[in-house]
Structures are given as structure tokens and as C-alpha cells.
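The two complexes that follow have subunit A in common; it is paired with subunit B in the first and with subunit C in the second.
Showing the complex of A and B:
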């Protein structure tokens, strides 16, 4: 493999890692702040993808994608808020198994609702004109949209980091993780804070769905397809760590890209991801960048 | 005050009325009427299909065709005196779900017959269940030739009316092998029974027709994990990185996978399929899914595209289908599965019974009309019909007549010209085409008559 071929697969892996990171970051944020494993996270991603396609195809080429983006984030955020208020507030102090079962039940309900509203068929949409086209580097072609995905992931990662460490909201989130009772005693509305965090997580899932919608068929298996990989990334990187989500996504994305292309590893590429996950769970159960639970 | 004497009578009357309602709803053995027709009862026609999942694109068309066929049968007197009911269960394109559904259809719903699932993996898993319970399966979608020739899959109640992977693969191999400008070929195929079966057939025939043809990617990379990752970056990068550059991509990826691959390849390079011409299995559903985005110049092989098989019967069916389903065009699956139901019904009517042993005797060795413009015969040796395949190149020949491109340079390959020779069938069924005596390695390229 020469340098230009290496770059070809590396960029493909980065494009894969980009949308995986965005979704996994939301999952990780919710767990880190709320200590909830949200099985319905993939469902929010799927809702956003469907909303994006429907709105984009209705509005047409010029405004479609951007209108779909706004609508998808708003809808997923609203659904997220509803989930947090109606379901999660009742299970925060319960053991993780109850939370898992509760959020899993939500995935089934949402899957049925999505099928009723949007139908069982796959839907497709075109990418906005400004993001179509290709770039030629080193004798190979790269999709402009792939660079958009990578750029969007970098911007979102920076945004989440800044939010957590440079804003009052982020300070409150970190304080709530450490000692929610003390934060509440200081006058902060912890319940509203938790809803805000969950909505941000839902928004991140939605952004992931928006970004993939122009590049693949949007269908009813998207929720489970993404959840498996998002969990793998979060376990590898560490639940609750945004940096861990970045590293985990890079590991998964590049493993898929290089693994599938190699004749020796092609048949095992996807298995490698879960071998890595198993190894991390065995050697460092809190993940590469996570913090061990007391 | 209610009389105690009247109460038992009221309860008895209510119970009798309820019983009558229940019997009428279940159909029982009492006569039920649909207009002027009197039926002996109602029986289920089972369909375990991908309403959701990777193959939902096809499952939608198949379920609509089966429902339409059942309605048409009932309006013309039913099957062997029975009113038929389409009993459709969603398998999500999942093998385990398919097995569960098939058991339910057979054991609980007492189906008279089954219409086969979409993928060959599902068919291989459900065939033994149907065989054990003596239920006929009409296969009109899944098509691996192993389903009718591999010793441990042989099922006397399995009937295939779809061109199988031998027929499709060798047809593609012949066509590609004869292209003068094609020497280097890149293969992309889903890694399960159908993909391996059809790709192996393609390669075996290609090597016969053009021994100098070169497959540029290693065999272990021909097959992508199935169900597949929705991102095809790695495969697209591998095609670009190939040395030598491929003159053609051979593929049999389908449904959502085909859509995703095409979309992502075109995003990388709008001229991707001009640089790397592609020959692939396709269907009207795939063309319609991408619509005007479906690339022109693609060399497709299709099983029953309505626009290439023009005949009066098909035209009537197109109008009927579109009138029933909001103007949708019937895809290849809608044509073949309608044929499947009608073929089974004709055999059952000839048998005068829904009993599988009697019906299968009216299927094997018999000839049936089809929507495809020709009659087909179901061979007794492997219960495979001599159905044809359509090949052509996507182009805009029909302008805006359809919301998707159709084909130019159409050739309708005849079933008799592409069906597996009986010598191969016999050798396969006798276990002479295996590696190390393992039935799961069945491959016609290992057969003595193929090698010679």
C-alpha cells in the first residue's frame, strides 16, 4: 500500500468515524452526566434521519438539507425532552437494569411509531449542491461530502468540549455529576439541568442522523445498526468521556476501513471491533479515557 | 326484576349467537360467500417476508403482489373451492425471525402453502421446516441453486420459479467474458449463500469463456460482510486503489446495499461508473429507489422487468397493480411472486385439493403461463422452472415515461439456454460436487461434467 492509497482508506475511515463519533458522543454525554444507559439513543438518530429526508424532499434542493437539519434537531430534541420527563425521571435512582429495560421499551415503541408515520420503505435524498462534487488528491477521488462529515464532527467535538468546560451550563453539568444534592442546595434546578443534558444528547444523535441521511438509504434498521457501534465506541473510549468517544470512533472507523480492504482481515474486520471492546472491558473496564466508578 | 327462568334462556341464546359469529369469522367448514361464490372454507397462504430490514424494498412489492393475487383468485372462485387469505409476517430480513415465522405459519396458522422469503439464507433455514411439515414453498425471490441441488437441502415440496444463481451467474459470466475491452474485473458480493453461489457461478463461467480474464481483488475481499455496513468507503477506496485498474465491476449486491454503494460511489466521483463500468443484479425497485440518480450505462441483469417483457397479460397486470396501489409500477418481485401464487393455485385446482403431495404432482413436470410473456415448465429433477433473465444497459430511452431509467440493448435470455444441465443437477444431488464430502461446500464447478 503506497501513501496515496493509505490516505484513501484513512479518509474513508475518518468519514465513518465522523458520524459514529457524533452519535456516540451523545450517548456518552448522557451516561456521564445522568448515569443512564439510553438504549433509545439510536431511535433518536433514526427519527432525525427520517425527518431530514422528508423535510428535504419537500423543500427541494436549495433549502432542503438545511431545513431538514433544523427540523430534525428540533423534533429529536422534543422527543428527547419527552422521554426524559416522562420516563427517565422515574428511573434515575433505580439500578441500571431498570434503566436499560425502560429505554429498550422506548426503542420498540419508537420503532413502531416511525413505521406508522414514515412507512416501512427506505427513503433517499440528495446532498445539498454546495456539498456535492469530488476532490482529486494523489490520483484518487474523494467526496466533498466526506470532508463535510469530518469537518462537522470536529466542529461538534469542539462545541461539546467548550460547552462542558467553558460555560456555566457545563460547570453545572460537571457539578451535577459529582454531587447533585449539593448543586440542588445551591439553588440550581437539577431536574431542569438533567432534561437539558438529555436534550443535548438527543440533539447530538439527531445531528448524526442528519449527516448520514444524504449518503445512505434511511430505513427502519438504522436504530439498532448505529446503537451497536455507538456502544462499542463508548465502551472502548469510556462512557462519559468525549475525548474517549473521539478516540473510540477513530479506532472503529479506521478498523472498518482498513480491515475490510485487506485480504487477510476482510472476513474479520467487524469482529475486530468487538475483540477490541472485549479487551478493553477485560483490562480497563471503564474505557481508555473513562473514570473508574467508585 | 329479571326472571330466573328467563336468564338461562338469555344466556343460551347469547351463547348460540356468539358461537355462530365465531364460526362465521373462522370460516370453519360451513359455507361462506363472497358475492355469488360459495367457498368450502378459508385457508391461509403464508408469506414470511421482509417488510422491514435490509430487503424491505423488495418485501413491500412482494407482499402487495401476493395480496393482489389472492384477491384475484378469490374473485374467480378461490383455490380448490377454498377462499384464500394472505397470511403475511414480517421477518425483518433476519434468518432467525424467518424460522420463527415459518413455524408459526405452518404450525399455528395451518397455511396451505408458502411463498418463499427474500434471501437465500432465510430460504435455506426455512426449507427443512417446510419439508418436515410437507408444505409447498413457491420460491420466487431467493434463488441459490443449492436450494434445489445440495443433498442436505433437497426438498420435494420446494419449487423455484425464479432464475437461480447458476442461471444468473453463468449468464453474467458469458456476457462479461465476451466483452472485448474487459480484462480486469473487481468483484463485490454479499457474504452469504446467495452472494457466494452467484459469484462462484460467474467466475466459473468467466474462466471458461475467457481464461485470460483477471479478477483484480483477492478472493477473500470479494465478499463483504452481510448484513453490510451502510458505508461503502472501504470498497470504493479499494476499487480506486486497485492495481491494475478494473475495466469492470461485477456485483450482486442488492436493495439498500446497492442504493448505498451507488450513492456513495457517485459522491466520490460523479463519473465513477463511467470510469469503472459495473454489471450488477438489479430490479425495478432498485431503479425506482434512486430514480433519476440511478447511473446510466450500468449493465444490468434483471429477473422480470415489466418494461422489457411487453405482452398483453403483463400490460393488464401493470394496469391492475397500478390501479390497486396508487400508481406504483410492479417490480420484478411483484411480477414473479404473482406468478408464484397463480402457478400454485393452478396446480391446486388441477389436483382438486390443497394437499401438498397432490399439488406438487401437478407442479413438477407441468407447464404454466406467466406474466413474463412465455410459458415455463417446472422440471421434475430439481423442480426449477426454465424462466429467463433480462439483460441490458441503463439509459434514458423512454424519456420521462417512467420515473426511473430503463434499459437499452435489451436481450431476454431464454430459460432453456441458461438453465443448469441435467447432468450437473444429477451430480450435485448425488453429492459428487463437494469438497471433503461436506454438503455445505456444494459447487457445480467441482462437478466431474463441469471439469471435463
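Showing the complex of A and C:
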């Protein structure tokens, strides 16, 4: 592999890392504040991807993607709010076991519902005109859309950071992460805060789904495919840590990209990720940036 | 916390369920035959095939429930071991032309090997992270099966497995599978009733407490994970035989929905709950997939969600639910209940306590007055906070040694360092001449250090007597036993101790239902039941009334004296301290301030200053 090929795969890895980070950050944020691992996170991502494709293809090339973005975030946010209010509120105080099984049930329900509504066939869409085309560099061509994904991820990372550290909402979220009981004693409406956080998490899953929609075929296995990767990122980076999500997404995104570089390894990219996970857990069972559970 | 997914000990429900199920299983072939005779357009073969499917599913789900219902572990890799079992049969047939029955004998072995190796990795992590790791393992094994065309046939799978002629008859196949499943279920049933099963339930209830009574939590989790994988391997092998094929989708992580749904539906709280669920599920999916093929997933999810949120006990809990509903409408008198008001300790009979042989520190090689526990230069920091700094402490055999100090002095941290709950940054802990620095809690517990926690640490959903029995089992090293009936072991000893401490009338109640004072009494009883040479009591009387306190400490003092136990305790109540201790160590800001007899300590001006300082702070704050 020469330098220009290396760059090609590295950029591909960054584009992977971009959408993976957006999704994993939502999972991590929800876990940090609510202490619930949301198995249905990938389902929200899948809903958003389907909504984007359908809306984009019906609105046409000029407005389609942006209309899809708005619609997808609204739909996923609404579904997220519904899940939080109807299901999660009943399981916060229960064991991890109940939370895992409850949200796992949601993945089955949503997967079935998506198939009923959208059908089983794969769907594709085009990126908006300004984002199509490619750039030539060192003998290889790079899709403009890859750079858009990377840029969007950086913007979202910055947005999440500002939200957490520069707003009253973010202060409350950070307080909820460290001591939820104290927070409710100080007069904050914790129920509303939790719903808000969950909707933000759902929104991040949705943004991931929207951004991915023009770059790959949208189908029914998206929910589990992304969930496995988002979990891998969380385990490597540490659940509840946004910085961990960035690092984990970079590791996983690049591993997939370079795994595909070789015809012998391309089938086993997931195996490499698993080996990295095992190595990280051997050294730090709570992930690179996570906090040990006492 | 609601009593979710608890292991039901209701014998009546259990045996009714078992009887029903066995009759049902035996009657399916003749019933299917009769049905065929009355409706010539249906084939009995179809129902026999469905029945076989349900039997295999029953085995798979019951093995899953060893983890979920008994040990409280959610694994997403169980389908992978099921797949490994199926591929073992399929590949041995395809590559070596080995008969499927030999493959079936080897399937549990390969599944066990896969389970053990991957379990070692998954159990590096606990609870949530464990679940996430099993998901990754599952996808890894799936991707191997899916992608390794040369070996597993890739996404095509392996088809056309030949079976012995005798098994081509659907009825014979049904009874054959039924016999294999039956043997496996009996083996698993024995295991769950044995001390091994008791250890799993203790772990599910309270990991920390399980460790402190001497259970090696991780080893048991690995054992049950491997055992579950082994039986999943048998189920997978049977699948490959009656379906005559194996394919990668069997191993995809969403395939775990089946055992999960079946276990939840039938009830994780009863051993045969999942088996019962398997038959209900099979029939349900047969009906639904015919009429609502597209809505099936949604319904499946709705069932899981409904069970988790509304009927946590599954179908197995319906008889109980029915009884409670009936009593609500018929205004029958409530079954007699005993109320636990925390006075049990008042009834404690000290003379009885000291006669109990279970509370017998082993004939100590350490002479009275010799150093038993030696702590040297022990330190531990949390971030910038130096909770324990360079602490030296000698506890002499037979002594009653108190540690006092204002809040934040480092007493609880010191206890956690001695019992292995925390690892020290520096220093050494020696117990009876043996270096126990940084050893895991169960090793230290087994070495002879018992512990009562500051917060009540019992097994809330186990009965009061089980709390004691399991502590005795664990401490005497019986929990590795895969046979025998745990609930019948140490029953008399446990009952004797309960009588002595005045808790006998609550013996059959879930410990978590008792009042705070009585739970404290159980906590004390557990730490005494261990027969440890050294007992650490972390604020033993916290939350007790003045009278209970006096009584509890009298009990502790008397037992310690008669049974030659050594006590190390920390306490805020100075009356308790000076009335019980013969040696007092004062800690302040993580260091030892002074040590001496109660009188020396009381007269020490530094000690007075520390406590006065605290009082001033409290007055200001």
C-alpha cells in the first residue's frame, strides 16, 4: 500500500467514523444521563434513513435531502419521546436486565413496523446536487459526500459540546450524570429533562441515519448492523463519554475501511473490531474513557 | 424494586406445571394421529414436526434461562452456541461422513469449548458490558459461519444431512428428540437445585454479598455460561438432525429473540417455565405466521414488552395471579401474615446462640493475644483524595477492636481494603500469617474474615433461612457441588441460629420484606453464620433503636467471647464503642491518630480535639 492508497482508505475510514460517531454519541449521551442502554437506538437510526429516502425521492433532487432531514429528525424525535414516556419511565429504577429486555422488545416491534410500512426491498437515493461529484487527489478520486459527512460530524460534535458545557440544559444533563437524586432535590423537573435527553439521543440517531442514507442502500438490517458497531464503539471508548465516542468511532471506522482494503481481510473486519474490543477490555474493562462502575 | 424475574419457590405451581407439560409432550403423537383421522386433509406429520420444534426450543430456552433466570445474565450469544452445535453435526457429516448421532455426542463438547473460550473474554466485563460483549462475540461467530465458504458453506449453509432410517419416521423422531431433551432437562434441574444453583441465585440477588460469603462470582458466571452453551449445543445438534440442515442465520444475534421470548413468555422464575413457553410460542407462531406473516415481529416484540412491563413472572406466574385476583373479588381472608417490626433481636436468646456449633471459629492456630490481622503502611487514594494514608494496625486474636473517627476518617475504606473490595495503592495486609493484600473478596472471606456491611447487604428475594443456609454453604466450600438439594443442607443449623437470634418465625419469608431492624439482624446472623475467625462489623447498629442496639451488641459481645471470635468494628455510637471494645483505634483524615484502651483514648486530648472540631464544623455547617 503506497501513500496515496493509504490516504484513500484513511479518508474512507473518517467518513465511516463520521456517521458512526453521530449515532454512538446519542447512545452514549442517553446512557450517561439515564443509565439505560437503549437497544432500540439502531431502530431510530433505521427509521430516519427510511423516512429520508422516501421524502427525498418524492420531493426531488433540489430540496429532497434537506426535506428528508427535517422529516426524519421530527419523526425519530417523536418516536423517541413516545418510547421514553411509555416504556423507559417504567424501567429506570429496575435492573439492567429489565431495561435491556424492554428496549430489545422495541427493536423487534420497530423492525416489524418498518417492514410493514416501507416494505422489505432496499431503497436508494441521491445526495443533493451540491454534494455529489468527486475530487481528484494523488491519482484517486474522493467523493465530495465523504467530506460532507466528516464536516457534519465535526459540526455535530461541536454542537453537542456547546450544548453540554455552555447551556443550562447541558449543565442539568451533566448534573444528572453525576447525581440524579440531588438534581431532583434542587427543583429541576427530572422527568422532563430525561425526556429531553432521550429525544436529543434519538435526534442524533436520526442525523446519523439521514447522513448515511445517500451513501448506502437503505434496508431492514440497518438497525442491527449499526447497533453492533455503536456498541463496539461504546465498549472501546467507554459508555457515557462523548470523547470516548469520538475515539471509538475513529478506531472502528478506520478498522472497517482498512479491513476492506485487503481481499483476505475484508470479510472479517468485524473480527478485527472484536479483537480490539477484547484487548481494550482486558486493560480497561470500562472502556478507554469510561468511568469504572463501583 | 419490584420482584421481577424471581425464581419461584412455589412448589405447587412448579409440580403442576411439570406434570402438565410431561402429559402434553407424551400425548402429542397420539392426539395428532386422532386429529388426522377426523380431518383427512391435515397431516399428523405437520404437528409432529411442530412438536419436535417445540421440544428443541424448550431445551434451548431452558438452557438460556440458567443464565437469565438463575444468574441474572443477559447474553446475546446463546444463538451462536446453538449454531455451533448444529454445525458440528453438519460438518462432521459433510466432511467425514460421520453418523449424525456421533455428531450429536460431539456437539455439546464443541459448544462447551466455544462457550468457555468466548465466555472468558465476555466475563472480563460485568452486567451491561458483558451483554454488549456477548453481542460482539455472537456477530463474530456469525461472520465466520457466513463468510467462510470453504469451511461452512458460507451463506448457503449445509443441507441434506442424512439421518438413520429409524428417525425418518416422524413419531420416532419426536420421541427420540423428546428423550434427549428430557435427559438434558433433568440434568439441568438437578444442577439448579444443587448448591451450585444456590450460588447462582445468590450472585443474581447481590454480587457484593455473594463475594463476601466466599463465592467466586466470576468463576460461577463462567461455569454457568459454559454449561448453558453446552446444552445449547445439544439443542443445535438436534436441530441439525430433525431439520437436516444448518445455516448461518441460526447464529445471527437477533436469533436470540427466540429463547428470550420463550423464556419470558413461560416465566423465568420457574425451572420449566421456558419449556412451557416453548410449546405456547410454537403454537402461537404457527397460528400467527399463517394469518399475519408480516405482523409477526411486531407481535413478538409486543409480547416481550408486555411480559417485561406487566407480567414479569410470565405464564408460570398466572396461577399466583389467579389466586390473588380471586382473593380480591371473593373477599377471602388474607393468608395469615407475620409482621416484621424489628423487635426480633429483643427475643434473641444468648444462651442458645453460644451453643450453636455452626458459629465456631476453626481451632485457631493463632494463640489468644497473638497478632491475627496485621496491616502495614496501607494507603489508598481516590483521585486527589487520600482516603487511607499509611495506616498500621494490629488486631490481636480474641480482641474486640473498635475503630472510631469522624465522618471521612477512612474507616469504611480501610474495611474495604482489608476485605478485598478495594485494592490498596501501597501496603500489606497479613491475616493469620498469610499475605492477603489485594486478594479478591471471596478468597479473603474463605480465609476466615467475615463481614457485616454498613448498608444492609442481604439477598432480598431469598428467604431468611436461605440467606443463612447459602452463607454456610458458600463458606464451607460446598457451592461447587452440582448435586444434592441446597435448600435441605444446613437447614437445622440455620434454623437453630434463627431461633437463637429471634428470627425463626420469618424463616420462610423473603428477607427483603422484613423491617430494617430485622434485616440488620439477618446481616449480623450471616456474618456470624460464616464461622469466621475475624468478623468485621461496619456500624453494626446503624438504624437500630437504643434498646435494639444494646441487645445486638450484647449478642455480638457474648458470641465473640464464647466462640473465641475476634471482632473489628467501627461505630459512631460512643456508648457502643466504649461498652464493647477492649482496644480502640482513632482515625482522622485517613491516618491513625492514636490507639489504646478505651480509657486511654477517652483521656487523649487530641481525640477530644478531633471530635470537638467535628462538632464545631457541624454546628457551623
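Operating definition for what follows: the second predicted complex is superposed on the first by the 287 of 294 C-alpha atoms of A that agree within 3 Å, B and C clash if a C-alpha of one lies under 4 Å from a C-alpha of the other, contacts with A are read in each partner's own complex, and residues count from 1 in each chain.
By our rule, a contact is a pair of C-beta atoms (placed from the backbone, for glycine too) under 8 Å apart; a residue touches a chain by one contact, two chains touch by 3 or more.
Remember, predicted model here, so these are calculated numbers, not experimental data.
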item	value
Combined model on subunit A: subunit C and subunit B, fit or clash	clash
Partner chain(s) touched by A:192 [first = subunit B, second = subunit C, both, neither]	neither
First, second, both or neither for A:239, with subunit B first and subunit C second	second
Which superposed partner A:168 touches (first subunit B, second subunit C, both, neither)	neither
Subunit B versus subunit C as contact partner of A:87, first or second or both or neither	second
Touching partner for A:270 - first (subunit B), second (subunit C), both, neither	both
Touching partner for A:101 - first (subunit B), second (subunit C), both, neither	second
Contacts of A:121 with subunit B and subunit C, given as first, second, both or neither	first
Subunit B versus subunit C as contact partner of A:3, first or second or both or neither	neither
Touched partner set for A:282, first subunit B, second subunit C, both or neither	second
Residues of subunit A at both interfaces, subunit B in one complex, subunit C in the other	115, 267, 270
Subunit A residues touching subunit C - in the complex, by the definition given at the top	37, 87, 90-91, 93-98, 100-102, 104-113, 115-116, 224, 227-228, 231-232, 234-235, 239, 267-268, 270-271, 273-274, 277-278, 281-282, 285-287, 293
Subunit B - residues contacting subunit A, complex	51-54, 56-57, 59-60, 92, 191, 217-221, 223-225, 229-231, 233-238, 240-241, 255-256, 259-260, 263-264, 267-270, 272, 289-290, 293
Residue ranges of subunit A in contact with subunit B within the complex	1, 5, 8-9, 11-13, 15-16, 115, 120-122, 124, 126-127, 132-134, 140-146, 212, 215-217, 219-221, 225, 256-264, 266-267, 269-270
Touching residues (chain side subunit C, partner subunit A) in the complex	1-2, 4-5, 68, 72, 74, 121, 124-129, 131-133, 135-137, 139-140, 143-144, 147-148, 252-254, 257, 260, 264, 294-305, 308-309, 312
